[in-house]
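One structure below.
Order as written gives the chain letters A, B, C, D and E; numbering starts at 1 within each chain.
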């Protein structure tokens, strides 16, 4: 391996790291601002213009707050919990293609740290281990509220992982690849998966909110019952880590949903551009989509009451999983039919062509009807 | 992680110098703008405290809308309402659980002095059991007055040395209230 | 809304049922039927009013104690029951005197669940013991309190107030 | 149970229609509402920079009035202290000495007049009780402070400053009285 | 110190896990309690098996204090009972004294009182219902409704001069007449409130998540509710239409057209809906009272013995002066006797049992505090339900700590 690529990737990683952390920090401010706007308030505005320094103030304060480990806590796990949360939150950003290739210093540079050919599986794996951060931290703090939160978080993760996975499979079937880059490439221009998979999108989005532990599925840190849930006993920067992790997850989660269903960095009319202009516009388009989803998730949080624990399970197991399976079946049948499986014409297989996608489009409305 | 770094920082700047004052100021400002309150709202003043959170006054402007019902995360203990003798130990426990630096604001007549309730069951002011930084008069105080109190707390936070918890006066204060402290650094 | 029962009607029926236990009727400003009763028969009387088909007095408004330190011996404490018949919109007030040395009366907790805490409160304030109460202990005050604060001989203040200056009035 | 009043109206309908049971339509409607609110004007008064208008009868910090000639109205009758439910008012009465007529309106005056602002509940009973138009509550607010002792307001803080008079004419309790 | 420790250990430890069953402290300071009282829940997983309550954390000895205060001074005390709707408490107390003294109140004052009391009821129910929203996770409606409460506060301020602990009114009427500003504010409120209230309603009312959270939660049967002394919206939610305003009308409530909203099963959703409808009915009463507000009658009764004379009279007439001093000292001829008066407070029948011996202060004054009486049903209502249900049930019962502990 030549050193160029190492330097290139390292720089990319550092940028990604900074962007994710910065985004997470400013998402806390955005959340507070969005809440304020919806509630006819102003929100933080005294730390800097429009409260722009608020995240820095919070960070600075947390950093210099007395750090505390309860006497009954398991010291090692108590410390490692927030770290795990944070680490896992940052890890999935490596497989995300942030934009079309860029040309710099006479080289073609991919805006993706690594294009694993099972990238989507990697994302799923990481997002499902992320709950360990919550679980370990909550268990270690030896507090009953936290323990409740740990139980809720992990069982919620298990129940929603399935529907999440199944709805991802449909996307994978459409694009025919597990690589995230391929998934994005297959949605060139406006040819986004949402047009073929509206139901799948809804299922995925609901499950995503549940995976992110956001309202109305924020069972783990539901304030009115469990105080703050898993980080009840945490103070100072450790809790800061949990907060950071939550918002980093939100950022990455929104990135993934825009990749899977909204074409990632693809945007309408992208054929008129090329080279670096295309790359920059692509990145911009991608970030606009991410911002939109972040906003929607916040918007949902400040509108809806939260589910009850058993209703959450009901929704997961009894509604979303069957629904996603039905969606999967129908998609499979339609793909099989269009690629000629039933007519015995199997040779046509390798063309994941527009013809096939068009017919899926035709059936998607039917799909939704069936499931209502 | 936080602990190591914070202590390390303190160790590193353990001499009076330019660096220290600079950092003091920056951190003071940061703290002042991010006072997460623990609302110990017991009665009437609690409703006025809610009103000051509500849109018309919106203490979120001070970066204070993130309530920490867990004492571990709170910076400012807002005692709003009557504290009876029966409740006093609970309040004290909440105070002891809070992590340094911490401030206490007594909102309203009852919390500050007992107010009209000069009775056998009411504590005549929370300063009998925990040190209070700012008193807000009124029964119940208007949100304007609560905000005034918060700004006083901010002023305290801004001008407080990073090392307040190591100072002899502070230890003496806690000793006065019989509050245990392990702030000599374990 | 008019009451469907008159004071006389109920009083007559009560006298017929509990001839000896019913004392005199008192005229009050609010014109509720107010009778002095024997403390021993309060439980029975409340129960009878509860199951009586015509009266249907099935709502406990209140129980409270009153302390009359200057009363004759054996009548220093009084328990007042306010009962209400929602269907007939009729209210009745029963009063029973108790001696301060041994203030005991039957609990009506088995008839009205609501009486549970109200009786505990009355005990807490006046030291009136409700027999057969499932959990008769202090409710509002600390368990360690060693007197009954609502009795007239105790002051409301505990003397810990320091910021009062009696220079002018000597309150 | 049959109706007790004939005005009964059952209001709770727990049966969900099909549309309601789908979650999304009602949720979308609710989200529409919150979205609409994002563009409404914030209701916030940026206190302390932006002052909110108080009613003319607001019961805030007390003032001990002087009359037009600058004499203190208070005659230390003590009614305010009696009326005060919090027992927050303390005063010491003194006889007016010859030569002090320009300072005190009546023969008696309060040489010490203290209100413990932490005890005070701003109920306004002292203002009502005052027969001499001497004590009024105003729309000023008592500021917060760091020390408990500093809340005992003596005459230095309570008595009105002649250069900076406080207008209480809007309060209905001011009556007219004869010249003295 | 010893007793303190015992309380402490009771209040804050209990960190034991016994097999499958854990104890969980809901309170004394917990975000769900909105006030200070404690529930020690025994939980099996998420399921609540039983609960043990401790109250009295803000016991302030109101009744003992009342025996030392003059009748006027008790009005500020009543403020602090149910502080979400203090005007109802104030006026209820004044009506009790008026009943004792036999004071006739002019129609106009009665109508004004109705307006004020219904405003107070709206503000009380708004807190309760928006807090149900908060406890089920929807914070936004709460903030919207607090703007409405501020409007109501503004109206109080125009009459009595303060917002929350109002000390509104005097024995015999009001301390001053309503002014122009009040008229404008009230008109604005009547015109605009319903629309804004419906927005809040739309957030929760038919939202399936909210319905699932509340339907069947914290149920109680009509029979048990009556046995537990439920009153007010909580009783009406089980289907019993008992309302003091209709059953023993005071302050001219018989003049107004309004319905008594009732629920069916007494669950949290019923309580929510009953309160929502009561807000609308209150608005209806306010409209009627405001339209028919008599122009004649002043703002207080003609009762020179009990209502402070105008300041002109105090300054210029000798009997004015005497009445003034006597009233402030509390040396008026209050009749000897006893009286029970109840009003429909924010939480239902709020009763005042007053025994007067003719002295300056009551010989005995007892408050029938609805919260205190019905809150004891809470363990029965939540046993067998989920932890989250316990929280919304608690907030839908609208337990106000000041009223609970007195």
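Here is the rule we go by: a contact is a pair of C-beta atoms (placed from the backbone, for glycine too) under 8 Å apart; a residue touches a chain by one contact, two chains touch by 3 or more.
From a predicted model like this one, the values you see are computed outputs, not experimental measurements.
Asker: Starting at chain B, how many touch steps does it take at minimum to reach chain C?
Answerer: 1
Asker: Taking every chain's C-alpha mean, which one sits closest to the mean of all protein C-alpha atoms?
Answerer: If one averages C-alpha positions chain by chain, the most central is E.
Asker: Considering only C-beta pairs in contact, identify the chain pair with the most of them.
Answerer: Comparing chain pairs, contacts are most numerous for D-E.
Asker: If every chain is reduced to the average of its C-alpha atoms, which one ends up farthest from chain A?
Answerer: Ranked by distance of C-alpha centres from chain A, the top chain is C.
Asker: Need the most distant chain from chain B, centre defined as the mean of C-alpha atoms.
Answerer: Relative to chain B, the chain whose C-alpha centre sits farthest away is C.
Asker: Compute the distance, rounded to whole Å, between the mean C-alpha positions of chain C and chain D.
Answerer: 39
Asker: So how far apart, in whole Å, are chain C and chain E when each is placed at the average of its C-alpha atoms?
Answerer: About 24 Å separates the centre of chain C from that of chain E.
Asker: Measuring from the mean C-alpha position of chain A to the mean C-alpha position of chain D, what distance in angstrom results?
Answerer: Their C-alpha centroids are separated by 53 Å.
Asker: Could you put a whole-Å number on the gap between the CA centroids of chain D and chain E?
Answerer: 22
Asker: Residue numbers in chain D touching 2 or more other chains?
Answerer: Touching at least two other chains: 4-5, 22, 27, 30, 33-34, 37, 42-44, 46, 82, 85, 87, 116, 118-119, 121-123, 148.
Asker: If I count partner chains per residue in chain A, which residues reach a count of at least 2?
Answerer: Chain A, residues with two or more chain partners: 35-36, 38-42, 223, 227, 302-304.
Asker: Chain E: which residues touch two or more other chains?
Answerer: 7, 30-31, 56, 59, 61, 64-65, 76-77, 140, 143-144, 147, 150, 165, 203, 207, 209, 240, 242, 246-247, 405, in rising order.
Asker: Every touching chain pair, please?
Answerer: All chain pairs meeting the touch criterion are A-B, A-D, A-E, B-C, B-D, B-E, C-D, C-E, D-E.
Asker: Spell out the part of chain A that touches chain D in their complex, as residue ranges.
Answerer: Residues in contact with chain D: 34, 36-42, 202, 299-300, 302-304, 372.
Asker: With touch defined as at the start, can you tell me which chain A residues reach chain E in the complex?
Answerer: Result: residues 35, 38-41, 72, 144-145, 148, 151, 215-216, 218, 222-225, 227, 302-311 of chain A touch chain E.
Asker: For chain B, which residues count as touching chain C in their complex?
Answerer: 85-86, 113-114, 118-121, 124, 128
Asker: Residues of chain E touching chain C in their complex?
Answerer: 2-3, 6-7, 55-56, 59, 61, 63-65, 67-68, 99-100, 102, 224, 226-229, 240, 242, 246-249, 335, 337-342, 349, 351, 353, 355, 363-364, 366, 368, 372-377, 405-406
Asker: Spell out the residues on chain C that touch chain D in their complex, using ranges where they run on.
Answerer: So the residues of chain C touching chain D come out as 1, 86-87, 89, 163-169, 171.
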